[in-house]
Structure formats: structure tokens, C-alpha cells
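Next come two complexes built around chain A: one with chain B, the other with chain C.
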Partner chain A sequence: MSGVEKINVKVSAIVPLNELVTRFEFKRTDGALFPTFSGGAHTVVEMIDDGLTRLNPYSLMSDPMDQGTYAISVRRDDEGRGGSLFMHNNVKVGDDMVLSNPVNLFSLDLRAKKHLMIAGGIGITPFMAQIKQLDRAHGNWELHYATRNAALGSYVDELTATHPNDVNVYYDDDKNFIDLENLLDGQQLGTHIYVCGPKGMINWVRGKTAELGWPLEAVHYEEFLAPQPGKPFEVKLSISNKVITVGENESLLEAIEREGVDAPYLCRGGACGQCETAVIGYDGKFIHRDHWLEDDEKASGKKIMPCVSRFEGKTLVLDR
Partner chain B sequence: MTIQFKDETFRGDYTYKNSDWAIKRFPFPFHEDSYMYSVNMEQHKGGPEGSIYEKRFDVDEHYLSEMRDRAMVLADDPLRCQSLPHMTLAGWDLLELIMVSKSEDYPDMFELHRDGDQWRWVNKPMGIDDSFTFMDETTLPYGPMEYITRQTQGDFAVLDQRDDNLWMDAGMITTQADWSLDFDIGMNFFEWHAPVPKANEMGIFIRALKFLLNVQQGAPARRLNWTMTVNPLLDTSPENYHKWGVQKTELAPENVGEKQHLRVELQTFFRLPRSNALVFPIRCYLASFDDLMTVPKWGRRLHRVIRDLPEELATYKGFIDNRPMMLDYLSAYDDGKPTSDGIWPDLESEPERS
Partner chain C sequence: MSKFNFPESIRSRPTYGTLEARAGKSHLFVADAEGAEAIIDLAKTDDSLMAKSHVIYIPKDTGEKYTSQLEKLGINQLYVGPSFAAAQARLQRTLERAHMGLQLYLTGTEGLMGQAQRDAMTAGIPHTAIQTEHRGSIGRRMQCVHCKGITEDVKIDPFVCSHCGLNLFVRDHYSRRLAAFQAVCIDAEDPGNVPPSVELYS
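Up next, the complex of A and B:
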């Protein structure tokens, strides 16, 4: 089977945090303990949405040492394909759901002398778990958290109350922005940087650190891409000898799975590389959206990441 | 079953012996009549009852003697156990994994009582009953990795995962097939594998690394590896090569069946949850040629594998000089009959003797 080991859970609490973000808490159905995890790990949530199975990754934001409850926070995306809308509109306390075992693609480098965290909006979630992990180990960390305004600042109150000296909050509406260059300038040797937020923020931090000569190994980032809707397209799967149509609101990977073809996956967000698929032939153009393939691989027309990438054109034949 | 622990030595007078039970469950590593490197990885999710695959951490009749040998190696050379400062959390992960697994898999021998972070660990075979505070190193006589691996058979390489690579940043290595933790500490996956012939151009290490980076919580993996050792010697380390290397020259036609051992490693891989590190337990099983020949299928197959093994592999595994003598011995057990697929003894389906 593809993916990772599954855990059956019940929704134990739903806590709206603000206009856009809601926290969902889960308990195990079998009453056993959840596995512990490392800060930065995500779980893949299975949603049965009107016959369509969606598998969306969300960062675990509960205390990694708390084996009684897992929690995620979901930002409603009114423009997306409906995964977050399903969570917000359809999921009720007491519902049965299925989570994957934790997977970490954004773990702390425990050699770091200091962990400098930069969060944008809902990108705060993995840091919630990392902060709890580091606090226990008396780790040295500092958070810079940018969000639109106080009303949308998920967990700002909790963070500033518990860590007044380590948490710095910036509100866009107040024209208060992270002064990145100055921030980086004052860091001690051995500092590692972690950034989670919108693509623009990740690119900004990666670009600035590279310009200032920070080692690549000291800059960590995570951006989950949600698959975007797009025009329907047809695909031939050569190994399983099937022709399938990818609908407007499903990903290529979801369409492959819908047809009963077992395809490998892990993060479903364009980051981990597990679902990489060879292209046998095509006539049209790829819409590559992943972080995994290098630019030359994307240009070669020989590979695609079906979890987030799409295709427009006449024919696409995949080695699957 | 209750295990009868043996009192035996892996040095000096070499009194190590396998019982019939241990021979039948020996992890014979060849599933066909030839051998070539492969990643040959499968899920580590139990196995046939009584087999070495059944439990997460196999305990057998050699347990107490192996632990005594480990303590002797460590007394001579404390650097066989090392943990870089950032690996302490992974050490706690490993301690938890082993204590939970052994207490669940062998409740008659091991007990774990947990009340929050107040833990009590009972290891009946070794006569240990310790209470300690989980995640507080000052409450244990050793660091967490050293504490638990002094009580668990097999070597343990604890690998940090970062920058899309694995790093040998901690370990307890006293039963190794000629490699050194003290030499490899801090190296990444490609650095510590660098001297293997042939495999590199096969791209096998790139595939293996990709697989290992993706070993997930709750889904451990395993494979077998093998080499040859003269005398039942656990500590075939480069540090002590001057002591054991010479023993290879003591092999003679009249003692080859007794002295020549097939050394098999059960390698398993577990994701460690709190640290996101990977632990790589390497469990060594030794069987003399005489032991192995009691299973006719293994006798036939071992002869064919050793005979046809490419020269560079026989050299790499350190038995090229003794191969002719080994083959003289083994050929007497190969009657040319076909062998069944897979590694198991298959004694009940033996072809009729003519």
C-alpha cells in the first residue's frame, strides 16, 4: 500500500480561532495512545467528500509529548478545491476520521545553537509543536510571526503570554513588517532558520539568506501546496492500461487512485518526492507546481509530480 | 517458549554453540543458489512463529553471554559507544522503543511500568530493576542509548536525518563486521559506504538512501546481510584486527566445519518519533559450517553461492584466501539436487535420498 500507517480517530473538539482558522482535535477510536512525534511533523487527513476521497496534509500543532490528543489548525480557503471547506463545513464533533501516522519533512536540526523561526499566517502551526518540543529541552529559539492583523492572528495571545521575550508579532495592516536583514545580521554562529508561510515569504527568506551567504543547510522551509483546480484533462496510464480523466476539482494523483491504481505518495503537497512519475509521451504543456523537481527536470517533459501538478493538451502517457 | 540462556564465550576458548532450536531458526541469507547485492528490503512486521523475524527485537539463547561480551569490549574501549550531543533525544527514543517492544513481546522476561515520566524497568534475565525519570539523564547510570543497548543484542547505529541524508551521529558498535564507529562517527551515508566495490556504479546506494529517508513511523523495515568469520567472534572490529585477522590463517581442512562461521546480520530500520532520527539495529547471528550442514538444503545452496561468488565480493568479505578450502568442505554436501525457493530449511520437503 502507498502512504503510511493509518490511525482511526474521532473528532473530539472543534475550536474556531477566528474568521478563517479553526482547530480540530482528535482522539483515537481504539482508546490507545497516539504515537509521539517530532515538532514540524504533519498528518494526512482522509476526507470522504461526496464520494471523492481527499487526502490533505496538515501540520500537527499539539504538544508532541501529548499522546492523548492530536490537533491541527485549518485555514478556510474559499478559492481552493474544497478540502478546507469540507473540514470547516462538514466535520462535526464525534465524526469518525482517518489520519496517517506522523511524517516529518520539516524537522528541527538539533545541532543548532539557536532556532530562528519565521512564520507567516497559518504557517504558524508547525512552530506551535516545535516550540513545545524545544521548551522541554530548554532549547534556544525565537519566533517572528507575521499575520494580517490582530483579529486573524491565530495563537498570538497564547504565544505572547507564555513567551513574552521570544515571540515577536508583526501585523501587515499596521504596516509592521519583519526587518529581515537586520534580524539576520544579529544572529550568533550556529543559528538555523526555519520559515513556513506563503510562497512569497519563503522565497524572500531563502533569497535574502543566500544573498547574505548563509549556508543552505541552515535554512529550512516548508510550504504545503494544496492542489489547485484546473481544466479537466485526459491521461493514459500505460502499465495499468487505463485512460482516465482528471476532473476540474481533483488532482492527477486523486484521479489515479480513484481508478484503483496504487500509486506511491507521502506528503501530497509537492515536497517529498514520493509520487514522482515518469512521462512516457505527451503533446501539450505541463503545469508543474511542486518543489521537488529541478527546473531542468520540469523542462525535460520526462517527469511529473501528480499530487499537485497538472497538464493541458492533447495526450499524456504516464508510466503507472 | 522459555529460553535456556547459555553460558558461553566469543573469544579465547570460544565455547559458543547453537542448540538445534537456534540452528533451525538461523537466518540463512540466501533465497536462491546465487548472490548479488540488492536492497532486498521488506517491512519488519513480524514473521513465522519462533523465527528471528517474529519479534521487534529478537532475544535468543545467546543473550546473556552476548551482553557479557559487550561489557568486556566496552571496558577495553569505551569509544565503541558514542553519541554526539544533539543525539540524546534519539537515545531516549531508542530506549522507549526497546523497552516498550520487549515488555510487550516478552512479558515474562521484561516489564515496563510508566506513571507519567516516572518509569520502572525490569529485565529479569539480567537481574535489573531500575526506576528513573524519563528524559532525565541524571537518573540513569549511563546515557539512555548506552543504558538500553547494554541490555539488547545487536549493534545500534543511530542516524540523524537532515539535508536529505543520514548521519552516523551515535551508536553502540561492539559486534561489527570490520567497521568502526569511532572512524565513521559524523559521516553521512555516502561517506561511510564509500569503499564497497561494484555496488556504487549500480546506483544501489542512492536507491537505498531514498528508501531509508522515507522509512515512516509505525512502518519499520528489514533486510539480511552476511559475511564470513573464522571462530565465533562477535568483535571483528578494525581496532582489533591484529588479534582476529591472524585467526583466518588457522583454518585447516580438519577444522573448517567447526571454525568457519557464516555471519548473518538482521538489519532493521525504525523511525524514531521524537527526534525524527533513524535507528539501524544490526543483529549478528553466527552459525558454524557444521551447524548449517544439518539442513541439507542449506548445504547444497551454500556450496553453490560460495563457488559462484564474484572474486571481488569474496575479497571484500575477507575470505578469498580460504575459499578453496571452504569449497572442498562444502562440495561434499552438494549432491546436485534442486533447492526450493526462499531461505527456510524446508526439512519436510527434502527430495528423496537416492
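Up next, the complex of A and C:
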């Protein structure tokens, strides 16, 4: 099987934080210890929704050294393909679920002299774990957290109570925004910046840091793309000699898996590069949505990232 | 011409590029000898750059040749010093006080670039974010892996360790942490059987 090792768990607690966000806590079914992880890691949650298997990545937000419990916080997305709705509506305390071992695509660079964290909305989750990790090592960090308002500010109270000097909160509704230019200006040499939030925020931080001459190596970001629905399309898998149809609400990767073909993946969000698949032939157009392939690779028609990208047209033949 | 094209080698061996002006409010240059030529060339490509720059320059055996040319570039802060060791405290203090966005440019000999890079890495600049351009001598800074002594400006292979006297073979294996190539005894198995020295890259 592709992906990393799986862990069988039971849902041990469900804690609604506000109107949109709920925390889910898990314990291992076999009573053993969870592996420790590094702050910024995610787990892939398996959801069996009415015969459909979804594998969605969520940042682990519990203490990375806590081997008794794993926790994720899920924001309900009424427009999405239903993963977050399934978590919110169908999952109950005591349910059996399957998580993947942690994978980190957003780790701290521990050579940094200082960690400057920028969170937007539910993008706070990886920082919850990173802050716990840094506190243990007496790390030098500072968080700037933008969210809509106090009512939707997940973990604001906890963060400001425990770290009044390092946590800065901005409420959009109060017209209080991060003054990025001033924040970046004058940061000591060796500062690394981390951003997790909506695409616009990530682009804003990447753009400003580039303008101010920050090295790319010091700018870290994480944006999980959820696969988007689209028109159904047909794909020929040449190695397994199968012709499959990708449904409107499933990703190409999910359709390949549904047919019993083992395909590699890690993040399922267009970021890690694991699922890269060679295209043998096509007649139509690609809808590339990943952050992995370079523009020229996307234009070449030779590669596709099946976890988030789709296709429209007559034929598509993949080397899988 | 002060440029030399190093042949392809193992991955450990540093490679160098051509300096280009980058975005940023402050720019720090560390150069020795013919490295001045790279700064002079770069200044021609961007007329606002030198006014934002701090240049630490060690002429080595080039005497006054380049110093007077550098003085004409309108460099905000130009320091000319007798050796890297003499300039190092200034470099370290500058890095300590520097902010994100500082651009670092190293040019000249490998030994100079390697040592300045080591200080910059300690200060928190990722080594891949540092620009380098080799100019001038191909002499290398070598560490004897046996006695750990450093011999500067090695231009022949094999050479005699200036500390312990062993006959050493010049390798491309490089240590960023030591800012030196690693040299190994060439006649350990058969003492005295030392091939005649040749100039590097001859």
C-alpha cells in the first residue's frame, strides 16, 4: 500500500471550539504509544463515507511529545467536497478511525535564530504544535495570527494566556491587519518566516519577503489544496491495463485507488511531489492545480499530480 | 583575466557563480585580491548598488592596484585590511547587527570565500543564499586531516603540511564548517614514496 504506515485509533474526544472549528482527539486502539512527531506534521485521516473512501490531510496540533493523544482541528467547509462535513456531522466519540503516521512538509528550520510565524484562520493548527516544540527547547519565536473576529479565533485565548508577549492577534472585523512590511523590516539576521493560511496570505508573504531580499530558504509555507470537483473524465492506466472514470466529486488519485491500483502519495494536497505520474498520451487539456510541477513541466503535457489535478478532453493515458 | 573555470568534480567541492545585484536595503561584500574586479564589474550593472554597500577588502599581494579603483565606486563604507584574520572581527560584528534582507557577496580566492561563508552561516544566512564568484589565485585552504593544521594558498599537489610535515595529497573533499579542503597523507603505506609535486589544474 502507498502512503506511510497506518494507525488504528478511536475518537476519544470531540471539542467544538466555535461555530466553524471542532477539535478531534484520538487514542490508539491497541493501547500502544503514538510516535512523537515534529511540529508542522500532518496526518492523513481515512474517512469511509457511504462507500466512498476519503483520505484527507490535517495538521497535527497536539503536543508533538505527547504519545498518548493525537489531535486535529477541522474547519467546516460547506462548499468543499465533504471531508470536513463528514468529520463534523458523522464522527462520534468512540468511533474507530484510521490515521497515517505523521508526515512533515512544514517543519521548523532549527538553524534559525528566530521563528516568525504568520497564521491566517485555521492555518493556526500547525503552529500550535510548533510552539509546543519550541517552548520545550526555549526557542525564540513570535506569532502573528489573523482571524475574522474573536468568536472565530480558535485557540486565541489559550495562546494569549500562555504567551502574552509572543502572540499578536489581528481581527479582520476590527480592521486590524498585520503590518507586514514593518514586521519584516528590522528582523534579525537568521530569522525564518513560516506562513500557513489562505492562498492570498501566502502569496502576500512570499511576495513581500522576496521584495525585501529575504532568501527563499528562510521562507516556509504550507497550503493544502483540497481536490476540486470537476467534470467526470476517462483515463487509461497503461501498466494496470484499466480504463477508469473519474467522477465529479473524486480526485484522479481517489479514482485510481478505488480501482484497486496502488499509487504513491503523501500529502494528497499538491505539495509533496510523491504522486507525480508520467503521461503517456493525451488529447485534451490538463487542469493542473498543484504547487509541485514547474510551469514548463505543466505546459509539457508529460506529467500530472493526480491528488489535485484533473483533465478535460477525449483521452488521457497514464503510466500507472 | 582573473577568471578560472574549475573542472567538474565531486559534490562536496564548492562551485561558484557570477555576482548579480539582488533586492535589498543593505549589501555586504567580502573580497580579496582580484575579487575587486568582480565588484567593479557588478557596480557597472547597477548604479545605485554601491551607495548601499559595505565592502570589506583584503588586497593580499595586489598592493594598491585595486584599492584606488574601489575608492572611486562611491561605496558607502569601504574597509581595506591587511588579512582576513584582521578583518574578521569587523565582519562578525557587521553580521551580528544585520537584519534580514542583507545581501552577502563573496569574491576572490576560495579560502577567503569559504571563511567568510562560515561566519555568515554562523550568523544565520543559509549557505545557498550567499553569492560567490571566484577570481584570482586557485590556491586552496587545506586542512591536514592528521594534525588538523591549516595550510593556506596551496597551489601544488602533493604538498608538505606546514604544521606536521607529512606529505599530503590535495583532495576536492571540502568542509563548510572548517572552510577548508581535506588533505590526506600520500605515502602512509610506503613512506618516502612521494610523486613529484605538480601545479594544481596543470
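Going forward, the second predicted complex is superposed on the first by the 320 of 320 C-alpha atoms of A that agree within 3 Å, B and C clash if a C-alpha of one lies under 4 Å from a C-alpha of the other, contacts with A are read in each partner's own complex, and residues count from 1 in each chain.
Throughout what follows, a residue touches a chain if its C-beta (ideal position, glycine included) is under 8 Å from a C-beta of that chain, and two chains touch if they have at least 3 such contacts.
Because the structure is predicted, anything quoted here is derived from the model rather than measured.
Contacts of A:Leu266 after superposition: chain B is touched, whereas chain C is not reached. Once the two complexes are overlaid on the shared chain, A:Glu217 sits against chain B and chain C alike. By the document's definition of touching, of the two partners only chain B reaches A:Gln274; chain C does not. In the superposed model, A:Gln188 lies in contact with chain C only, and not with chain B.
In the superposition on chain A, A:Thr36 makes contact with chain B only, while chain C stays out of contact range.
With both structures placed on the common chain, the touch criterion links A:Asn101 to chain B but leaves chain C unconnected.
More chain A residues lie in contact with B than with the other chain of the pair chain B and chain C. Of the two partner chains placed by the overlay, only chain B lies in contact with A:Leu110; chain C stays clear of it. In the superposition on chain A, A:Ala137 makes contact with chain B only, while chain C stays out of contact range. Using the contact criterion defined above for the overlaid structures, shared-chain residue A:Glu5 touches chain B, although it does not reach chain C. The contact surfaces that chain B and chain C form on chain A in the two complexes overlap at residues 111, 217. Those residues of chain A lying in contact with chain B across their complex are 4-5, 35-38, 40-41, 64-65, 101-104, 107, 109-111, 133, 136-137, 217, 266, 272-274. The part of chain C that touches chain A in the complex is made up of residues 22-25, 95-96, 98-103, 123-126, 128-129. Those residues of chain A whose C-beta lies close enough to touch chain C in the complex are 111-113, 184-191, 210-218. On the side of chain B, the complex with chain A involves touching residues 84-87, 89, 135, 160-163, 210, 214, 216-219, 273-276.
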